[in-house]
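We just call them A, B, C and D in the order they show up, numbering each chain from 1.
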Amino acid sequence: MMDQMVTGKTDAGNSLRHVRADFPILSQKVHGKDLVFLDSAASAQKPRQVIDSMADTMRTQYANIHRGLYWMSERTTEAYEAVRDQVAAFLGAGAREEIVFTRNSTEAINLVAHSYGSLLRPGQVVLVSEMEHHANLVPWQMLRERMGIELRVTPVTDDGALDMDALGRNLSDGRVALVAITHMSNVLGTITDARAISDMAHAAGAKVLFDGSQLAVHRRVNVRELDADFYVVTGHKLYGPTGIGVLWARREILEEMPPFLGGGDMIASVSFERSTWAHVPHKFEAGTPAIIETIGLGAALSYIESIGFDRIGAHEDALTAHALKVLGQVSGLKVVGTAPQRGGVISFTMADVHPHDIATLLDRNGIAVRAGHHCAEPLMRRLGLSATARASFGIYTTPEEIDMLAATLEQIRGFFV
Amino acid sequence: MAQDDLYRTVVLERAKTPRHAGKLDIASLHAQGVNPLCGDRVNLHAQVDTHGRIGQVRHETRGCAICAASADLMAERVMGQDTAQVKRIHAALATAVETGEAPDGLGELSVFAPLHRHRSRIRCAMLPWSALIDMLNDDKDR
Amino acid sequence: MMDQMVTGKTDAGNSLRHVRADFPILSQKVHGKDLVFLDSAASAQKPRQVIDSMADTMRTQYANIHRGLYWMSERTTEAYEAVRDQVAAFLGAGAREEIVFTRNSTEAINLVAHSYGSLLRPGQVVLVSEMEHHANLVPWQMLRERMGIELRVTPVTDDGALDMDALGRNLSDGRVALVAITHMSNVLGTITDARAISDMAHAAGAKVLFDGSQLAVHRRVNVRELDADFYVVTGHKLYGPTGIGVLWARREILEEMPPFLGGGDMIASVSFERSTWAHVPHKFEAGTPAIIETIGLGAALSYIESIGFDRIGAHEDALTAHALKVLGQVSGLKVVGTAPQRGGVISFTMADVHPHDIATLLDRNGIAVRAGHHCAEPLMRRLGLSATARASFGIYTTPEEIDMLAATLEQIRGFFV
Amino acid sequence: MAQDDLYRTVVLERAKTPRHAGKLDIASLHAQGVNPLCGDRVNLHAQVDTHGRIGQVRHETRGCAICAASADLMAERVMGQDTAQVKRIHAALATAVETGEAPDGLGELSVFAPLHRHRSRIRCAMLPWSALIDMLNDDKDR
């Protein structure tokens, strides 16, 4: 392990070491060991900038928004709405009105499935891929039940890339209304070629939704450059709070979509006979929103921007390359997903050792990884696996942590053979 | 690395080389236990006499070491027991994994007591037992 | 004003003065004046216990829940699930499985309207009242569009109580499937007789949903004693965070209801052909929930319980009596809503002064009240008003604050005549 | 109590005793402005000549003092102005309420500049102006 440690210490994977001080949780101990947190793909840890912004909001500046005619409410409204501008800029959206706040990616996709989905006709097709998270699969299955649409699946290749030829064939009958595909797999780490998918979808007359839950924390997203129609992200994977996510959609599509949830703030006027809806995006934000969490998300985006995606990308690419190398040297370890375009999410199996035992034994050493089907059962079936272990990286991850992972895995394996 | 007292030799050995794996030529009862959350799966085959007393038990387990070892130790332990006795052992095991303290008489099954510090893995150890008890209850209902 | 001040200082309304120290925001200044926050019905302020519990979670104990096989995730899962027990006890629920976490009351009601609503048949009736918040009205209008049900309205009497005779008549044709009525009006302060409503609804073969958004912070709720079928509350009015609400429903009803949102965590198994659902309540909690906020809600409920509803009720009853008295003495002021059963939410108008001007002028003096239609347009129409001003109280409200309100209103009025 | 510089005498007076309230016997144009959020409502009646120059304006306002005073001061101010001039005044007023600084030539309308500290009330002052501009634009389209 020694020269890997040295490699780690000198390579680019180290350049963000200073950010660790911003994450208080990283100095916690687990089972008496320093926490090595390698489960950022499930949910990222929170920097003090986010924690403080939420606490400060509650301590000094909080009131319900949008309808208060007093200073506290006006200021809270401004702070909330300012995050809409921030998210619009973060995603490269054309207008702030295109940003709808939701609880998480899951709700964002369900919103599209319910609202945009209600405009589809029986026989039209929603096209997903074999590597979708359940969040981008089950809502379309439920739409199939409600509306009689067809759900079509584009396979992944053996190395875990999206099969672009099959995608083309799936689009060829012109019945596909919506392509809903992940921008980065939470199991394989595969990054899909979103722009190419958009072009193919649009050429076939379909709209396209990208599940950016995993990608948006690793690479700069520009929805206009991707020529997307819908894009979803989730705050808690972006170093932000839980309870806040984002749906971006083209304004003209949002305007055509009926509301999803009814209640306060999404109406223009209400009478028992008939109600009319507020303009977008408010039409889609019924009730008191996650005000404090939205402000926290704003702090998270500012934090990410203050580091910059250039450095984040370089750091994570270096980490991923390093991890693929050192994990590849662990006996019996097999990396699952080897597509050329990939990010810092690495699934693996280890001969003779069940992923659950791997996770528990790593945990005893302070190392947190995920093990299971990662909410992607159909992909697991395609891979012929019931579970994998998965290590995933964030801006605070260091090469030494990856070396510790590899060394500990080697020992665990020794245990079982 | 921190050697884990959960993965004691007995657990690792039973997981690697189970003594009661497989099927039975003449089994009167069969059951399957599945944990949909993790995909663990146990198939049980048992001989149970007309008084409800268990003869042989064999298991086919696809799962983690905890689940596999638990199935194998269970098969050994319940031989010759009736439903009431099985339930008592099951309850003692449940107490052990919840509290970390093994009640008297739990015997070798007390290797699972450290699960109280790995709560998400408790169901791995309990899966074969739930399948067995469901099987015995079903038998009684018939 | 002087002897009102003295009255205030000696009456029971004072007994919770010590809790003010728990609310950091109360020492803020607004336009150079001490903040007098009289808009708790829109959203309550947060005690440090809640702020700290959220910050501590993020600082020392955070990971995604339910599927992590490592210590951080296990502990966060336990903290999250412990709040389910806490909420079950808080509402007097029969079982923890009856507690579904949502974003807010609005989403809770929409969940019922979508899921339970999908089991209704055209021609069946949902019965609301004339004093519903839009959150308990618009979802049923949207259900009417989707399903062809009938929406029926029970009027309020002139003093702002629910017209129980009319309720009886509305139930008499046996077509009502669901009565959905507020437990406390956010405009009139009226507390409805939930148990009587349940009995009438059940006798007519209908289920009953109570919107407890306003009530649950003022009085102890026991859903079994009320014989309710559905009950909703919202965290941010309970001194808890935004982004978290609760649907309680009887277990057998929840089990019969189809899921609402699809995604991770709400499934038992997924394949492209067919997915099966998790047990209640997880069937209704798709995706990463508002973990940090749920833990914050737990801290809020602990805080409320530590004070106790006996003292909260006594405090707020005394405040309300005091407020009705001193506001009644302001020239030209008319209290809107004088039902005998009422809580600390007081709407009023003042001859010659528009509610918006009242709110702005009060704000210049540090006093935060709400003005507008309070998301209850149909009620406003019934009252022949386009807006009211509204002062509402929390555990931190003092009689002196109410005296300040009354004195300032008197001066504002002097301004306009 | 803090006297608010927003509610200066002129605002209160115009709200209480408007000089340009009511209808016009011969009005060529009518418009309605509604703020659905608060229920404020302004009905405008105007004489506009064939060159697009405004003659008299009357308003019927149901709303708060800010909205009522704004409608009344507007009616006075736009007399004799054409659409381009109205738009310039509207823009100057918008700047004033956004920044708190009244641009030169805003005249009496600068009483609304303190709205920049009451942002939720800005729309109250702007409602009559948006209605007027919509009316003039519609007229041109015809």
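Quick note on the criterion: a residue touches a chain if its C-beta (ideal position, glycine included) is under 8 Å from a C-beta of that chain, and two chains touch if they have at least 3 such contacts.
Computed from a predicted model, the values in this text were never measured in an experiment.
Novice: Could you tell me which chains make contact with subunit A and subunit B both?
Specialist: C
Novice: For the chain pairs C-D and B-C, which is connected through the larger number of C-beta pairs in contact?
Specialist: Between B-C and C-D, the larger count of C-beta pairs in contact belongs to C-D.
Novice: Centre to centre, by mean C-alpha position, how many angstrom separate subunit A and subunit C?
Specialist: Their C-alpha centroids are separated by 32 Å.
Novice: For subunit A versus subunit D, what separation do you get between their C-alpha means, in angstrom?
Specialist: Whole-Å distance between the two chain centres: 48.
Novice: Distance between subunit C and subunit D based on Cα centroids, please, to the nearest Å.
Specialist: Averaging C-alpha atoms per chain gives centres 38 Å apart.
Novice: Where does subunit D touch two or more other chains at once, residue-wise?
Specialist: 37, 117-118, 121
Novice: At least two other chains touched by the same residue of subunit C: list those residues.
Specialist: 31, 67-69, 71, 73, 269, 356, 360, 363, 372
Novice: How do the chains pair up in terms of touching? List each pair.
Specialist: Those chain pairs satisfying the definition are A-B, A-C, A-D, B-C, C-D.
Novice: Residue numbers of subunit C touching subunit B in their complex, please.
Specialist: Contact set of subunit C toward subunit B: 67-69, 71, 73-74, 77-78, 268-269.
Novice: Considering only the defined contacts, which subunit B positions touch subunit A in the complex?
Specialist: It is residues 1-2, 4, 6-7, 12, 16, 37-40, 62-66, 117-118, 121, 124 of subunit B that touch subunit A.
Novice: Under the touch definition given earlier, write down the residues of subunit A that touch subunit C in their complex.
Specialist: Residue list for subunit A touching subunit C: 24-25, 28, 30-31, 35, 37, 39, 42-43, 45-46, 48, 50-51, 54-55, 58-64, 67-73, 103-107, 109-110, 113, 133-135, 137-139, 141-142, 151, 153, 234, 236, 241-244, 259, 261-267, 269-272, 274-275, 286-293, 356, 359-360, 362-363, 367-372, 375, 377-378, 381.
Novice: Flag every residue of subunit B that touches subunit C in the complex, lowest number first.
Specialist: Going by the criterion above, the answer is residues 36-37, 117-121.
Novice: Subunit B touches which residues of subunit A in the complex?
Specialist: For subunit A paired with subunit B, touching residues are 31-33, 352-357, 360-361, 363-365, 372-373, 380, 386-387, 407-408, 411-412, 415-416.
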